[in-house]
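Shared between the two complexes below is chain A, which has chain B as its partner in the first and chain C in the second.
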Partner chain A sequence: MRAPEGEKLLWVALDNGIYIPHLCGLREAERPAASCRLCFVEVEGLPNPVTACTLPVSEGMLVHTRTPRVDRLVRTGFELLLSNHRLRCGKCEKNKNCELQKIARERGLKLRLSRLRPLISEVPVDESPKTFKYDPGRCVLCGRCVWVDHHQAKVGAIGFIRRGISRKIAAFGDVPLAESRCTECGECVKVCPVGALAFKEK
Partner chain B sequence: MEFQDGEAEVIRAEVDGVLQRHGLERENLIPILQDIQSRLGYLPKEAMQQISEALKIPEVDVYSVGTFYNQFRLNPPGKHQIKVCMGTACHMMGGHIILESFERRLEIKEGETTSDREFSLERVACVGCCALAPVVVVDEKVEAKVSPIRVDGILLAFEIESKKSEEIEKPVEEEGRTQ
Partner chain C sequence: MSATGTIIQAYESLKKAAVIKVEALKQKPLVLVGTATCGRAAGALNVLQTFRDEISCRSLDVEVKEVGCIGHCYAEPVVIIAKPGFPALCYGSVDEGMAGRLVTDFLINDDPCYEFAMAALEPNDQFPTFADFPRGVYEKKIILADCGLIDPEDIDHYIAHDGYAALAKALSMDPAEVLEEIKNSKLRGRGGAGFPTGLKWEACRNASGDQKYVICNADEGDPGAFMDRAILESNPHQVLEGLIIAAYTVGAEQGYIYVRAEYPLAVTRIRTALEQARERHLLGESILGSNFNFDIKIFQGSGAFVCGEETALIASIEGFAGVPNHRPPYPAHAGLHSKPTVINNVKTLSYVPHIIRNGSDWFKSIGTPDSPGTAVFALAGKVVSTGLAEVPMGTTLRTLVYDVGNGIKEDKPFKAVQIGGPSGGCLPESALDLPIDFDSLQQAGAMMGSGGLVVLDEDDCMVEIARFFLDFTQKESCGKCTFCRLGTKQMLDILTEITEGRGKPEDIDLLWELAEDIKAGSLCGLGKTAPNPVLTTIRYFRHEYEAHIQEGRCPALMCKELISYAIIPEKCSKLCNVCIGSCPVEAIYTRDDMLKAIYLDKCVKCNSCMVACPPQYKAVVKVSPPIVERGGSQDEQLSNHNN
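Right after this comes the complex of A and B.
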């Protein structure tokens, strides 16, 4: 397999038709957030599984995308994400076009909690923008929208606020997006891997 | 939170002063916020906006850091600070019921300040006297084995006190007028 020097393993694998689960990764981002903890792989010569989005490829690298240790990490990480995600796929705009559904399908995981209790934030949906809405109950806190807002749209309207279970994406002062400096360009909605940021149906 | 007379100017001047003492790089954000909090007692929104302009970072990034760390408060401390203990023992003895009673009585949420700035309410971790659980620390005074009825009592005491001090102030004013 050939790849440009310094390219991260995740993108090389995806370009070559090898699927590795991922939510937070953005190819354009210089420093990966590595926050979703789903793109684990095992590399021969390294003692522990590593995140593929942070590892630059090198000559002669031998990578295993499915090992018992990797599968275990991904299964647990995925269920942790689900425990904090409102699972009503039938009512979701992203149904059948959702990264979580794709990961479940590719890795044979269930979109159901077996070991954990659901802990979904009961924060109201922000319906204030004209073209889209933000539902914290569906957000997986991958941070793709924040990166796009800061680096591509260069608006600087949204960011992470608070910590732990009350962490969410919000504007300065936690005001509704329509009252913030948000220009409603919709770039953040396009990169949302789940249905947290979704365009309103016309 | 409504500003009192001259407060906005004080905030602006203090933030200007703090910004002058620090380099205007992103990595100095936390020391700047700490300095401002030690001077003003909290982080006003206006101060965070001023910092974001000076450091040339989005204002939401400043807000993000300010809301992440427990050490930063976004509301001004009240004249009387009520700290409800949420340590293990107090939690088991119903600390959250006491917190809720305060929230209901003062009509504010945890971490907020009443609009007259009389009371601010916060949750704290263990205050170190678990045998007295559930504990509330009002200003410096430790209230032991607090019940919702005691919550009413604590607030009533402050009410009576403030009425008394008003009565003492009034005659002074009248004297001033007669002179």
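Right after this comes the complex of A and C.
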């Protein structure tokens, strides 16, 4: 397989039709967030699984995208995200077009909780923008929306607030989006891998 | 004159002035009061005031000075009195009354009040020294040596004790030679992971870039750890000297000390130290007359545990949220403002002047071959002598707990040590003879971490200990990555259920699996080490988990949901009712036969009755599993329990 020098493994694999689960990765981002922790692979010569979004490819690198250790990590990471995700696919705008569903399909994982406790807090949906809505209960905190808001739309309406299990994406001061500097350009909605940011139906 | 000659000469003249000043102090009586945070918490400021008042109202010619912490925290407030003609004596647990006596009896008359004294500082034929304590035999003080003995707010005290001699020596060497010395010493980082300092400096030195930075990590966020605070409050110049040498070696002109705002006294003392160092040309432009320029800024963090992680710390200085980033790039290549940056712990930097002054071979002669030098532990928990101890690497836990720490309180049996704080683990009795260094601890599933060492006895529940630390890491998780944000919460919820008697048999395996995956999957060291308390308690104390889950029993009688309080009729006295008075919720009543008993449904398990019951009766007991009130008398159930 050929690839430009220094390109990150995740993009090289995807470009060559090899699927690796991922949520937070953005090809344009200079520094990968590496926060969703789903794109694990094993590389020969490295002792432990590594994230493909942070690994520059090199000549002669031998990569395994499916090993027992990789599959176990991806399964646990995926289940952890599900434990914190309001799972009502039938009612979700992103049904059949959702990255979580894609990961489940590709890796043979179930879209329901078995081992883990549900960790969902009932937070209200922000319906204030005219064209879209934000449902924190579906958000996987990948941060793609924040990145495009800051680096492409250059609006700076949203960011991460709070810490730990309370971390979430919000406008400055945690006001409804309609009261923030959001211009409703819709760029953030387009990059949301799940149904957290979704256009309102006309 | 050569540049080297100028540097040495500049230093010698500083030293000469400092020695004259310090020698002059020895001509009259000197009172040193330990007013580090630990001393203040025990009332040292009142003691200090008493000395000042008594001395001034009697117009005595006595110097009173504030110093830092000598490490004997169990004996705070600590006072040292050096009176010409007597050995310098150290007094522990000094209160205002004792302070008054010491002024009248010792300073005015010549009675050193030996009955209050802990130890003499130097060998003499009147009173034993700290070296004569069992603890003194096993301790080896390098970076704590001057703590509590020198005035942290007077640079001349440090200089008179050979302070900044290492800087003068380093500046007369080529930076590459300094680097060789540190590499040869095999010094490893004391911030937790034990990374070789020389290699880190070398990477930064070799990294290309015109601008480089050095940072001292004084975030010290582990619960129960206070050694970095003690060093900064007691001997700040030692840290500054280490940081300046680091900067010279890697070629940095700007340094930072990242210290938590919760350490206001440390911040003040560092600030004073920086000013005094600048006045004496030990910081700033052309240090000691050389062509090396370097200065240090203080950055106050707001006390998040994760901000001690180096990439989060750097983000915090840059003005971003204190959230970690993926490594590589490592800070040594691209750190602060993407420039090559060395970041070292307070203790790591404190060793540097000693290594430069005494040579790397001297350093390697202490400790173990792969972890040379000493380790500083904050002894806490059920150990008699809590405080800071500095021992050679390779010392066994047994020596630390029984010789340095004087054993377990009330002579109870040892159960475990929790070592390394929330990133560390719990080691059982079988580990007592383990020589501790970075690698042996790692193998046992724990970590040196910051050096917190909590001693646990039979009254400590290992599941609850794991829950306690998970509660901490879960709250301190920044929430950026999936495994740490959600995984620590899952583990905490499972542990809470087990300690509340709602655990399920499959929970132990689930905890283990989750713990392994969180270790392997997390972005930064917080998540990668947070499972250690869970893994080690399951590994060494699985039976306690099983007792909670299968029998609804807490073997240590600690988990409130799994115990009941009861009064043993055979031990209770008709003539006593202190328990009734002690109960805040009126849950204790007098039975027809005048003995006392507890309404279980009212009892809030506050432990007051157990404390109140006079020692000659000891009639209140805790039982587990809890007594359930379903038919049958309480007494019957209690007697079943006792069988």
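Of note:
Definition applied: the second predicted complex is superposed on the first by the 202 of 202 C-alpha atoms of A that agree within 3 Å, B and C clash if a C-alpha of one lies under 4 Å from a C-alpha of the other, contacts with A are read in each partner's own complex, and residues count from 1 in each chain.
Basically, a residue touches a chain if its C-beta (ideal position, glycine included) is under 8 Å from a C-beta of that chain, and two chains touch if they have at least 3 such contacts.
These numbers were taken from a predicted model, which means no experiment stands behind them.
Which of chain B and chain C touches more residues of chain A: that partner is C. By the document's definition of touching, of the two partners only chain B reaches A:H150; chain C does not. After overlaying the two complexes on the shared chain, residue contacts for A:G77 are found with chain C alone; chain B is out of touch. By the touch criterion stated above, A:R162 is placed in contact with chain B and with chain C alike. With both structures placed on the common chain, the touch criterion links A:F172 to chain B but leaves chain C unconnected. Shared-chain residue A:T183: touches no atom of chain B or chain C. After overlaying the two complexes on the shared chain, residue contacts for A:R37 are found with chain C alone; chain B is out of touch. Chain A residues 160, 162-163 lie at the interface with chain B in one structure and with chain C in the other.
Against chain A, the residues of chain B that register as touching in their complex are 45, 48-49, 57-64, 67-69.
By the touch criterion stated above, chain C contacts chain A in their complex at residues 304, 321, 323, 325-326, 474-483, 485-490, 493-494, 510, 513-514, 517, 520-523.
Considering their complex, residues 150, 156-163, 170-173, 181 of chain A touch chain B. Across the complex, chain A meets chain C through its residues 31-38, 40, 48-49, 51, 54, 69, 72-73, 76-77, 80-81, 83-84, 115-117, 119, 140-141, 160, 162-167.
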